[in-house]
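This report concerns only the one structure given below.
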């Protein structure tokens, strides 16, 4: 929010400009990806990464209020299945069903988070994990609508071409818009209130911050975007299978967020890129990708407590210390 | 009369923490609440601010029954408080702690907040200005950009007071505001409390330290969850029952 | 009543009891870790799976008697528990995100290693106990009876340990107030390691037995953790009474519902029942008041 940002000192404002410039360079690079990487498989990986980035960023947004939404992949699946069913069985345009899916996910999120908004972190984590499993079971059991364990096929697509390029640019745009919106929430008073609730329930309630109101709001926003990501995935991938949305996917999203850096907005973006895209891209045999991810995971968690995002900061501090000790000689 | 408490009782399982307390608090006064440890003073505050629900009794604030309301609702109605163990927002700076506490007046709605409209920006600028003023009042202006968790104990307590003032309360509950402070800090705090009272804020203080009683208009003594005696600071200091409660029998009145 | 109905009822009851006891063993171990170390051990299912596979390997490839294989599995996994406490839980004590991360890392490595190294996706450990008991018209396999008895005895042993021994008392002290326990001179690291060993041993036992009762797959850990999750959420995380009570309910539903409903419908109905209960009691049946 305006006052909180103004309250920062000048060095952190300089850091902000650096971040904006880095983002600008990154976006330019991303715009040229389809030229550098012609292979449809690689484009497919990038597209999946974008979907997971939205999911991870929205998950982190919920986590800023101190709750760990372990049902997030199930909501991704909810968005995917709702969009698939609406566009395939009901005949709506995939673009429309995409956004309806986001609102459905948001609605379900609000409904289910209301009774549990006051639970402490551990309990909320377990209950949401349980709910995620339950949601997926519910989806699987509606066999006629959702194809049960086998999944849905022949979902109408967003674009009529076989090429992945329009999907890449479209998803890139949607991802950027989603990230901007999430960022805007986070730096506004709403975002700071969520962080306040996380730090102290007693203090935040004593100044008038309603824990339930803000936590449900966080879940609503987070679920909206993950539902959107799910719909995007469904209308791109043409097929859906429930195993793509089980609890292990949620737990991997936690890893993307934590390894990337929980305390920084860019954390989930970096985490997803490093832990999803890179292992998939560099693994000769797909079955070794998990081991690469696990290796990166252990390396980072034992060495960099604040995530990958903190590495540049650590390097700068190290470099500054070296410079000052060499100067004093 | 700004606050009226009738028959307030709280049982925790077998333990009665607060039993049948009746208190009337007048507009603009500074009321002291003293009693030995375990007398039920913090529970009393928690009951008023809705952190725990009472077993029996009514709490009436400015004519409205607020018994059983949630803490944030009570804050919105104009009751602010500090805490004995003084939790803060540890990862925010001192200034950010105070800014975060401006939730009620002014309050931007979600649309304005998200779209960063001129209304929102005006509110935030006003909040920033008010926050700096409060920090000045409590003497924390020079550490405004330091992290709250790194501050010494005395400063953290003052920050607690600053935070409570941000909601522009009509009634301020201070839970042991000078506990653990050195004499300079105590003087500063007493000054700040006096100035706040001059602005028309009704204050209820919980304390052990007899020195702070000097600024109270009235003192209520609590022990074992019950009101024992009530009167002016001078009367209380010389009351034999009070002395017995604090020091045990067999002591005289001179410190 | 028709003969077949009686047989069905008895078979179902026994099945329910066996399943309940196995689930309870796992849920109990998990609850220990939560109460004493404040850890949500997401890797518990994988420990169970590893216990099952070690027993299987010992019994088939190495050719030892199954009971001996079981003991070896318990020993190995128990030792692994000490390793886990020291290197996985202790460094990240209190940080739930990091715990999730390392548990997932562990799960990924172990599940994929097992999946890649095993020739078949589904295997079965040879039966521990042969033979059938005939009582009147009812015939039960001895294995089921023995498994149930083992489950109940272990449960009683563990509860006795917690309530009657000095170490059990120390564990309860740490569970209630960590700082107070440290000040009392209780070696918290030892207590935590002990809790880990017990939890892992229970998981390994359940895994080894279930490897024969049902079957082995690299993903059996994930499947059973769903059941354990249901028990914990229904009973209230951290409550031993909750584990016992909810374990019985979940085991029974698991045995009874499939008679009338299909597999996925059973799961969905159970989830629904639990969610409805949670809407009224978000902290579970016996859970502590957990409002922030």
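To keep things simple, chains are lettered A, B and C as they appear, and every chain counts its residues starting from 1.
The rule is simple: a contact is a pair of C-beta atoms (placed from the backbone, for glycine too) under 8 Å apart; a residue touches a chain by one contact, two chains touch by 3 or more.
Small disclaimer: the values here were computed from a predicted structure and weren't measured.
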Using C-alpha atoms only, the most centrally placed chain is A
If you average the Cα atoms per chain, which one ends up farthest from subunit A? B
Centre to centre, by mean C-alpha position, how many angstrom separate subunit A and subunit B? 41
Quick one: report the Å distance separating subunit A from subunit C, using the average Cα coordinate of each chain. 32
Distance from subunit C to subunit B - Cα centre to Cα centre, in angstrom: 49
Touching two or more other chains, which residues of subunit A qualify? 211
Within their complex, state which residues of subunit C touch subunit A. 34, 38, 40, 42, 91-92, 96-98, 100-105, 107-109, 112, 116, 222, 226, 229-230, 232-233, 237, 264-265, 267-268, 271-272, 274-275, 278-279, 282-283, 287, 290-292
Residues of subunit B touching subunit A in their complex? 49, 51, 70-73, 75-76, 80-81, 83, 87-93, 95-96, 99-104, 108, 110, 113-114, 116, 120-121, 124-125, 127-128, 131, 144-145, 163-164, 166-167
Interface with subunit C, subunit A side, in the complex: residues 63, 68, 115-116, 118-123, 125-127, 129-131, 133-134, 137-138, 140-141, 143, 148-149, 201, 211, 247-248, 251-252, 254-255, 257-259, 262, 287, 290-291, 293-294, 297-298, 301-302, 305
For a test of understanding, state which residues of subunit A touch subunit B in their complex under the given definition. 1-4, 6-9, 184-185, 188-190, 192-193, 195-196, 199-200, 202-211, 217
